[in-house]
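Got some structures for you, see below.
Below are two complexes that have chain A in common, paired first with chain B and then with chain C.
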Partner chain A sequence: MKQFEHHDALSIEEAVALLSDYEGKAKIIAGGTDLLGALRDEVFLEYPEALINIKTIDGLDYIRSDEKGLAIGAMAGLADIVKSPVVKKEYQMLAEAAYSVATPQIRNMATIGGNLAQDVRCWFYRYPRRIGGPMVCLRKGGKFCSALAGDNRYHSIFGAAALSDISLDLGKVRKGCFAVGPSDIAVALIAMDASIVTTKRSLPAELFFKATALSSTVLDSDELVKEIEIPKLPMGAVQRYDKFTLRKPIDFAVVSVASMLTLNNGVCEDARIVLGAVAPEPVRARKAEQVMKGRIVDEDVALEAAEHALAGSSPLRMNEYKVEIAKVLVKHAIWG
Partner chain B sequence: MTANKSDRVTRETAATRHVGFTVNGQYHEFRVGSGGIEISPTHTLSWTLREVLGLMGTKVSCDSGACGSCTVIMDGKAVLSCKVLTIECDGKTITTIEGLRDPKTGALDPIQQSFIDHTAFQCGYCTPGMIMTAKAFLNENPQPTEEEIKDALSGNFCRCISHYQVIRAVMSVVEKEGEHGR
Partner chain C sequence: MGDDYRFIGKATQRRDAVEIVTGTALYLDDLRFQNLLHGKVLRSPHAHALIKKIDKSKAEALPGVKAVLTWQDIPDWKGGTPRKLRVLDKKVRYVGDAVALVAASTEEIAREALDLIEVEYQVLPAVLDMDSALKHGAPLIYDEFPGNIIPGGTIAFGPNCLKGVVMGDVEKGFAEADVIAEGTFGYENIPNALPPEPVGAVAMWEEPNKVTLWSTSQAPYMDKGTLFHVFNRQVEIRCIGNHVGGSFGTKIMCWQVQAYAVLLSRATGKPVKVMFTKEEHMAAFTLRIGSRIHARVGMKKDGTLTAIHGTWYVDSGYYSFTTQAQVAVGSGELMIMAQCPNWDLKNIIVATNRNASGSTRGFGGQELKCSFIPILSLAMEKAALDPFEVLKKNYVKPGGGYFWRDGNWYQYRGIDYSAAMDKGAEQFGWKEKWKGWLTPTAVNGTKRLGIGVGVHGNADVGEDSAEAYVQLDCNGTATIFLCAAEHGTGQKSNYAKLVAEVLQIPLDRISMTPADSLITPFEFGPVGSRGTYAIGSAVINAAEDVKRRLFEFVAPKLGAEPQDLETVDGVVFVKGYPEKSLKWRALGYDRTLLGHGRFEPDFTVCNCMMSFVEVEVDTETGKVTLLRVVLATDVGQIIDPQGLEGQLNGALGSAGIDSAIFEETILNHSTGHILNANLMDYKWRTFTELPAMEHVVLETPMPTHRFHAVGVGEVATSPGPSAVLMAVSNAVGSWLHEYPVTPDRVLRAIGKVGYSARGGKK
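Moving on to the complex of A and B:
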C-alpha cells in the first residue's frame, strides 16, 4: 500500500476534528474490510493522506433494545449483530441480512457503520491499479461508465447515478455510473424504516443512501455514522431478507429483497418492499406496496406486486436476467 | 480548549509511537516509522507476521479478504490478517499456526493431528487458515453439528478440493472430544 498517516481517535469529537483538519483527504477506518482492499488496489480518485482509526473509541459497539426499538452503535460488529438474541428474536431481517454478508471471518471484523458507508464493488472501478494500470471509469475521472461497453451482468437495471447529485430522471441518465449499491444491511434497514444518526443529522435510512458517481451516501467528508435506530416493528409484521448469489458465502448480492408485511387476518395493512443490487441505491418498490394494501394477500397479488416492482426497469445488454430474478424474489417475499 | 491539528498530530507521531502485541505467547514491541525493523502504518498483520517475525505458516493467497488462507486468531476470534493493519494491533493477543503446538510437550494440536490423519489437504496452502478458523470455532463451540462446521469454514477456500476431508477431520476431533467428555 502507498503511504498514509495513521491516527487513533479516542472520541467521536476527535475523529471529526481530525477529518476536518485533513480537509477531505483523510478516511475513517472501522473494520477495514472494505477500505483496505480499496487502498491496496488504489481505486480512489485521490489516495487518502491519513486514516483515522475509530476502533479506539470506547462504547460505540452497543446493541440496545427498549420499548421504542433497537439502537445499534456504528461500531457494532456484524457477527455480534447476527448473534444478538434480541436481533434474532425481534428483528430477524437484520440478523439475516448481516449473516448474508461475506464470510465468518469478515463478519468478525466488519462493522455496521462501515457496511453502510462502504464503496461500490463494480469490477471496473475496483480493478487493481498494479495489474496493468487502472481502468479509468467515470468514478476515476473517465468520460463514461465502463459498464456501458463492457461486461455489465452485475450492474444497474434502473439506470445510472448522475455524476453530481443534480436530480435527474434515473431511468434516462446514460451519462452516469451503473454500479449498484453493495450493502446488504442498507436494504434491510430501509424495509424496517430505520433512521441513521450521524454527527450532523438524523435521517431516515431511505434518504441516507444517495448515489452519485462519486459517493453512495449523503455523508460529508467530515461526517461519521454514530448510530442506527430501528423502531419497534408493528405487531404481526412478517419480515424477510432474501439474497440471490451464485456462491452462498462471500458473494455480493446479484439481487436482494427485504420486505416487511403487516397482515391482519390475511389482509395487507402495510407493506414495505425494498430491492437491493438493482440500482445505485436501494430501491423502494412503492407501487408494489400500494397495490397490496387493503387486499387479501394471495399468489395473484404477489405476482401483480412483482410486476409493479420491476416496472420501469431498463436493463443493460447483459443483465436482463436480473429483472426476472428480482420478480421471483419479490413474489417469494409476499407469497412464500 | 480544543486541540488544533498540530497538537493532535504531535501527540501521536512525533512522540515516537510504539505498537506492542503478543504472538504465540511472545510479546513484541515495534516503533512506528519507515526504518528496517519499524512498523509502517501501511503494513498488514500478515506482512508483519511473515516478513518481520518470520512466521511463514500464515499464508497470503488473495490478499483481498476473500479466501481465508491468512486467518489467525486475535483475542479469541478468527480474523483475516491481510485485512488488519499491524499498527492497530496494540495490546492484542494473536495466535498463528506456529503457536498451536503444546509449548511444553511439543505435541501437535488435536486439530493439526486430525488433518494429518485424514490427509485433509493436498498442496497445503489453505491448511493453516482452515486449522486456525476451526480452532477458534471449536474453542467457542466444542460440540458443533456438521452443518455448523461447514458454516464456520465457509470463508476458507481450497483450490485442491480438500473440503470434504477437512470436514471429516474437524468432525473427528469433535467426536473424540465428545467421547472424552462422557
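Moving on to the complex of A and C:
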C-alpha cells in the first residue's frame, strides 16, 4: 500500500467539500471492504491522494420504517440489514441479498452505500500490479476490453458498457467494457423499485446504475449516496432473490435474479424481474415481465418468461453457460 | 497392538499446539534481525521476451535503496532440471518472471524502487499450452530444448532414473484382451496447493563465500544440497528451519526466493528478507504439473489388465526442478495401482510460457491417475465391470512388483490392502449404490446423484535416506537432533512420541533441536509419504542406539548383561528384578550419551488410499455439490489419532479433491497472465460447505519399523479428483474429460451449452 492522506469527515457537507477540494483524486472510505483491497493491489491507474472517512459521520446508519416504506441510511451495515426485523418481515428480498454478500466478517464492515458504489470485480481490471501488471484493459487506457480475447467466463452476456467520453465510435457494442455490475443489493433494490438519494439528487435505483467503462453508477466524483428509500411493497407481492455462485458463501454472483410478482388469485398483476452479474448494469427483464401480466402464473409461463428474459443475450466465447443458468434462475423466481 | 503402547496410538497434545493457537509460534515473518533489509522482485509483464535494456539508475538513486540487481549483476547461478535456468536471465519466460531484485531499508521503499526501474523488452511469441508448444516451428523457450521438449530423467534418482514404463509385449497383451479402450483425458487445471503461509527467505551473507538462510522450507538440509548446486558449488550454506505455515509438498523447494535473498544479502552485506505476497505465491511460485494422457488399455472380462500403451504429456511450465522426478514417481505409482504384464507408457515433458510447476503432494501420481483412471474406466464400462472391484483387483498385492524411480524393479513385500478397500466400500454402501456406468444412483427432479471411486498409493513411504541423533542426559531427558521443520502436520510431535516409546520417558522430557543444518545430521525432509517410515526409522534407530549405549554403560554397575536391562522413566533395571536398578543419573553430570540413527531407502513397501465420493449434480445449472467422502486406508499402526484424522480431513483442499470441483489456476490463454491469483477468484472451499467425511482406518502391522506403521497423509488427496470425475460422469450419463467439473463443462456434457471452453462451436 502507498501513502495517502486520511480525513475523518464529521458531516456530509464536509465530506463533499473534501471530495471537491481533491478534484477527483480522493476516495470515500466507509466499510473499506472493497477499497482497501483495491489499494493494496494498486488497482487504480492513479493512486488516490486521500481517503475521506465517513464512518465518523453520525446518524447515517439508520433503518427506519413507516407507512410509506423503508428508509436506510447509506452507512447502515449489511449485517444490520440482515438482522433487521422489519427488513426480514416485509422486505426479505433485501435481507436475502444482503446475506448473500461475502462473509460475516465482511458484512460486519460493509455498508449498503458502499455496496452500491463498489467497483467492478473484473479480473483483468483487478489484475495485481506487482505480477507484471497492470493489464492494460479498456478501463486503463487500452483500446479493447481484455475480456474480448481473454478468459471471459464471468463477463457480460448482454454486451458492453460504452466509454463515457465518446472518443470511440460506439456504433459497435463490442468496443466497450464487458465487466459485470457486482452489487447484489442493486438487483434487489431495482426489483423493489427503490430510490437512491444522493447529495445531489434522488433517482430510481434503475437509473442510478449507469455503467460506462469508467464507472458503474451515475455518481459524480463529488457526490455521495445518502439514503435508500424502498416504497411499501404492494399487497400480494411475492419477493424472491436467488444468486448462483460456485461456492455457497463468499463469492460474487455468476448470475443473480431478484423478482417481485404481484399476484391476485394466481393471476400476475405486476412483475419486476431483475438480473444481476449478466451485464455492466443490472438488467430489467421487461419483456419477461410483460408476457406474464394478466396470466395465471404456472410453469409454462415461467419458462416462456425465462426465454424472453434472455432473448437479447449475446454470450462471449466462454460464458454461454451463464445464459442457461440465468434462464433457470428466472424460471425459479417465477415458479419455485 | 496399540493398547500395548504407552504413547504410540494414544491421543497426546502436540508440542506446539498452544503456541500455534495463541499466535506465539514463530514463523519466518515473525523472526527479527538487526539491520534487516527488505527485498522485492520486479516481474515481467510479458509471457516471453528478451530484455533489451534495463536502466536502474533512478531506482538506485532513491534514498533507502541498498541494491538493485539485474541479470547483468549476478553470478551465473542456475537451477532447474537440467540445470539451465539462470536465477535472473536476459530472457523472461512467463508473466511474472523475475526481471530485477531490489533491497531497501523498508518494504515501501523497495516497492517504490521497482516502479523506477526502466526495462525495454523485445516481446517474443509465447507458447502458453502444450499444443502450441509442440507445434512444428513453435517459438523456443530455451535454445537448448528443441521442440520445447525437456529431457527426461533426474540425476537425483540415479543414472537409470525411470523415464516411462516399458515391459512385456503390448501387442500380445492387446491380442489377449476382451475389451480395448482408448481415449484422451487431461488434468490440466494446474491447481495451487496454496499453504496459508507464502514462501520467503532471510539470507545473511558472510564474505567471501558463506551464507546462512532462514526460510519457509520444510526441508532445510535438502536446501543446503539444492542451493549448493544452484550456487555453482562455491558457497557454503547453512539452512535453518522454523515453523512452516503448511506445505502440501510444495515447500521442499523454495530455491527461487532463497536465491533472491542470498543475492541481495551478498550485494549489501546485510541480512535481507524476501517474503512473497499472496499474489506472488499464487502467480509466481509453483503449481502442479499439467497432465494429459492419450492411452489404450486392454482388459479381460474379469478385469485383469493385459496391456497399457500410451503417451503422457506433462506440462512443466517454463521450467521445473522436479518434473522429471514426478514423472518417475508417477509412472511407478501407476504400476502400483494398475498391475499389468505389458506396458509401453512413454512421456513427453513440455516447457510452456507459464509459471513453473513444482513439487506438490501426490507428486506425479495424482496428476497421472487423474488422467489415466478415466481411460481405465472406459475399459471397465465396455466390460460392464464395477470399478471398485477392478481397482481392488489390480492394486499391487504381496508378490507383485513395479519399477520405481531409480529404474529398478521392486518386489512388493507389504500387505494386501483389499481388506481396507472392502471395509471402505461397506462403509460407503458402494454395492447398494452402484447402478452401472453412466447411470445416476438416484434422480430427484432436476438433481442427480452419482458415485465414483479412486485409488492411489506409493512406494515413497521408504524413500530417501534419513538420519537423526538422540542424546541422553543424566537428568532423565532426551534431545532429538533432526533436520525437519514442522510444516503443520504434527510430525515433530510424532517423532517425540517414537523416542518416548523407545526410551519409556514422558513426552515432556524430550526436547528437539531446531532444524539447523549446522547442528543436525542429514535429513531429506518430511515430504512424499516418508515422514512415518523413513524419518521415523532414523529417529527410532537413534533412540535404540542410545539406549544400547546406556545399557552398556550401566550393565557393569548392575552386574548384569546389557541385553537383560530395561528402562522406564529414567531408571534402568534388570528385567524381572526391578529392585536392581540405577537412575540415568548414574551417567554423572559430566556425561551425555549420543545415539545415531540412519535409514536406508526401501521401495518394497507401499501405502494405499481409496476414496469413495458421492456428488449431486444440478442438471439445470450444472452445479456439482460434493455430498460425501469416505476414505479407506490401512496405516499399520496409528501413531497419533488426531493428527491422522486431520490429515485425512485435509483431502479436500490443497490441490486435492476440490481440484475436481472448483479449484483451478486460470491462465489467460491470450496473454499468459494468471487471472485468479487471489482467494476470491481462486475457489478454495470454505468451512461452511464441508461434505460428510468418514474415514476407515485399519491397523494391519506392516513390515516397516518396530511400530509397523506407514504414512498416508500425503495421499489423502490423490484418489479423490478422478473419483469425482467418475461420479459426475455417472450422474449426468456422459463422460467429462477435464477438471474441474465447472457448470460450463457439466452443461456441455449434458448438451445444454454448445460452446467449448477451448473455443469454437462443438
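Note that the second predicted complex is superposed on the first by the 328 of 336 C-alpha atoms of A that agree within 3 Å, B and C clash if a C-alpha of one lies under 4 Å from a C-alpha of the other, contacts with A are read in each partner's own complex, and residues count from 1 in each chain.
Criterion: a residue touches a chain if its C-beta (ideal position, glycine included) is under 8 Å from a C-beta of that chain, and two chains touch if they have at least 3 such contacts.
Bear in mind the structure is a predicted one, so any value in this text is a computation, not a measurement.
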| item | value |
| --- | --- |
| A:K248 touches, of chain B and chain C: first, second, both or neither? | both |
| First, second, both or neither for A:K2, with chain B first and chain C second | both |
| Touched partner set for A:K55, first chain B, second chain C, both or neither | first |
| Touched partner set for A:R317, first chain B, second chain C, both or neither | second |
| Partner chain in contact with A:I106 - chain B first, chain C second, else both or neither | first |
| Partner chain(s) touched by A:L36 [first = chain B, second = chain C, both, neither] | first |
| Contacts of A:E23 with chain B and chain C, given as first, second, both or neither | neither |
| Which superposed partner A:A149 touches (first chain B, second chain C, both, neither) | second |
| On chain A, the residue positions that both chain B and chain C contact, one per complex | 2-3, 103, 248-250 |
| Chain A partner contacts - residues on chain B that touch it in the complex | 2-5, 8-9, 12-13, 32, 34, 40-42, 44, 63-66, 68, 71, 77-80, 83-85, 87-88, 133, 137, 151-152, 154-155 |
| Chain A contact footprint on chain C (complex, rising order) | 43-46, 95-97, 108, 111-112, 114, 277, 279-280, 283-284, 620-623, 662, 666, 668-671, 673-678, 680-681, 683, 685-686, 688-689, 742-744, 747-748, 752-755, 757, 759 |
| Touching residues on chain A, where the partner in the complex is chain C | 2-3, 41, 103, 121, 123-124, 126-128, 130-133, 135, 146, 149-151, 153, 244, 246-252, 254, 315, 317-321, 324-325, 328 |
| Complex contacts: residues of chain A adjacent to chain B | 1-8, 14, 17-18, 21, 29, 32-33, 36-37, 39-40, 51, 53, 55, 79, 102-106, 108-109, 248-250 |
